[in-house]
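You will see two complexes here that share subunit A, one where it goes with subunit B and one where it goes with subunit C.
Moving on, here comes the complex of A and B:
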């Protein structure tokens, strides 16, 4: 029974992927892409990785999809099916891709038994962190350096996008993302949903210590709520030169880096946590991260500031 | 999860997704479609890592938490890169429109000068 369910999810996944590949216009491809994100999230649930499923649905499908939808609306329709490759190149590429598929399939079907795993080690050190969710422990304790650098990647991407603005509109506000005349349904949704969404985001952040959830999932939900309010035109996008906004953007990376430096003093290593008091420190870092991730995700979607030239 | 059958199915789906994304990346001319195809490719690789994580289930966990955490990091980094690529693409398009508008103006001025 569950085998049939998994085969169905896998078939749906490949079908939707072909839909993205073959769609005529950019918007059709993007709609397929968002649907694909949700199907992949289902696959992650079936693979017993609920943390990843939440991240995939919120960021991989949702927020990426929003960036893509906004771009597709501004791109000319002919961006869709225009193909520069000729028939011969298509066949060569198809042959190459079939070879890649066969190679990867052979690898994945012939993985070694018993499978190598770090789960026992992750479990053995879990009591020392005060956390119950092993994925959060990996993200914020065992491999905290990865997560620190990941937040820095977000920050660098944001700075790069801001730097695409024209000189005249530097420090200005990004263009409002929504339609000029938002429908009443959208405005109603933007008034009713955010209080619930903010509560869900805080729950995801708080519960992430012990059950699936965490800073990235909570931050993505918060970002979605902010974007919904902006889409409905209930408030204007913030100016990127705003001091408070920049403080929010920097809070996560700076707190994380400061805790990392303090690690040398209290635990003798970069990103070392004090013995016995690891959990409060981790929660503080996660709180700052959640806020910064939410603000940075929303700003990445909004794009570079634009002056009066753009609508 | 009925054991190895489901793992094989998702492994094959991941491999298929990589192949579909790679094909789109090579064949499709439009930059926007290449960005989408690149995301399909990445999604397939994440799924393969998910299968590897699930095989490492031990110590009462449903999967090896290390690859799972790596995939979460990967999804966020992929989003950052995608947002930057899309912003570059849109800026390039705006610059193209401005340039062609400038060329039109120059042509019109040249014609008026001739007349």
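Moving on, here comes the complex of A and C:
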């Protein structure tokens, strides 16, 4: 029974992936990509990797999908012709994809049986961290440096997008993402959903210590709620020069870095946590990260300040 | 007792699946956006309601049951609002096409 379910999900994955590749226009491809994100999330759930599934659904499908929908909507429309790159580029891309596929297949098929794993070791040291979710322990204790760098990458991406703005609109506000006259249904949704969404986001962040969830998932839900309010025109996008906004953006990376530096003093290593007090420190870092990730993701979707639109 | 609850579950979930099948059929076969939306939202509303209703007797705790009802309410809210938005865009582009002709 579960074998049939897994085979169905695998077939669906391939089907949706081809649908994305063969889509006639960018918007169709993007919608297919969002659907692909959801199917991949289902596959992760079947693989018992709920943390990854949540992230895939929220970031891979949701936020990335939204960024690409907006990008596709801005592309100039060409009537009739297929809106894709020329034949040569397509062949090069296809060739590279096949190479990656062969390489990945070789690695996966060549794995020794049983596959090497650090899981027992990760589980053995879990009590020392005060956490119940081994994934959170990996993200914020064992491999905290990776997570720190991920957040910095997010920050760099945001700076790159902001730097696309024209000189005159630098420090200004991004254009409102919604329609000029939002419909009543959208306004209603934007009024009713955010309280529930904020609650879910806080739960995801808080529960992340012991069950699947965490800063990225909670941040993505918070960002979605903010974007919904902006889409409905209930409030205007903030100016990117706003001091409070910049502090929110920096809170996560700065708190994380500060804790890392303190690690030298209290635990003798960068990102070392004080003995016995690891959990409160981790929660403080996660709280700051959740806020920063939410603000950064929403700003990534909003794009550069207005004025950059003109070609 | 458990036989009775199982019977309720099987009946309701099957009925819900029928609604989802009909909705999917409508989504694939109906001629335009508005009728397709109609088919889709019926599946979302009634189909999911029946499935949740059927699963309620199987819920381990009251909290689990409450969570399922909350999920149904949220899907109602989302699908209702999104259907409205899509319908409005479809209507507007239909009017625009008419004006062009």
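Here, the second predicted complex is superposed on the first by the 273 of 311 C-alpha atoms of A that agree within 3 Å, B and C clash if a C-alpha of one lies under 4 Å from a C-alpha of the other, contacts with A are read in each partner's own complex, and residues count from 1 in each chain.
By our rule, a contact is a pair of C-beta atoms (placed from the backbone, for glycine too) under 8 Å apart; a residue touches a chain by one contact, two chains touch by 3 or more.
In this text the structure is predicted, and so the values were computed from the model without any measurement.
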item: If touched residues of subunit A are counted for subunit B and for subunit C, the larger one; value: B
item: Contacts of A:33 with subunit B and subunit C, given as first, second, both or neither; value: first
item: First, second, both or neither for A:269, with subunit B first and subunit C second; value: neither
item: Which superposed partner A:44 touches (first subunit B, second subunit C, both, neither); value: first
item: Touching partner for A:258 - first (subunit B), second (subunit C), both, neither; value: neither
item: Which of subunit B and subunit C A:189 touches, first, second, both or neither; value: second
item: Which superposed partner A:247 touches (first subunit B, second subunit C, both, neither); value: neither
item: Contact residues common to both interfaces of subunit A (with subunit B and with subunit C); value: none
item: Residues on subunit A engaged by subunit B in the complex (per definition of touch); value: 1-3, 6-7, 9-10, 13-14, 17-18, 20-21, 26, 29-30, 33, 36-37, 40, 43-44, 46-49, 51-52, 55-56, 59-60, 63-64, 67-68, 71-72, 74-75, 79-80, 82-85, 89-90, 93-94, 96-98, 100-101, 104-105, 108-109, 111, 115-120, 122-124, 134-135, 137-139, 142-143, 146-147, 150, 153-154, 156-157, 160-161, 164, 216, 293, 297, 300-301, 303-304, 310
item: Interfacial residue positions of subunit C with respect to subunit A in the complex; value: 74, 77-78, 80-81, 84-85, 88
item: Residue ranges of subunit B touching subunit A (in the complex, touch as defined); value: 1-2, 5-6, 8-24, 26-30, 32-33, 35-37, 39-40, 43, 46-48, 50-66, 68-73, 75-84, 86-91, 93-94
item: Interfacial residue positions of subunit A with respect to subunit C in the complex; value: 183-186, 188-189, 192-193, 196
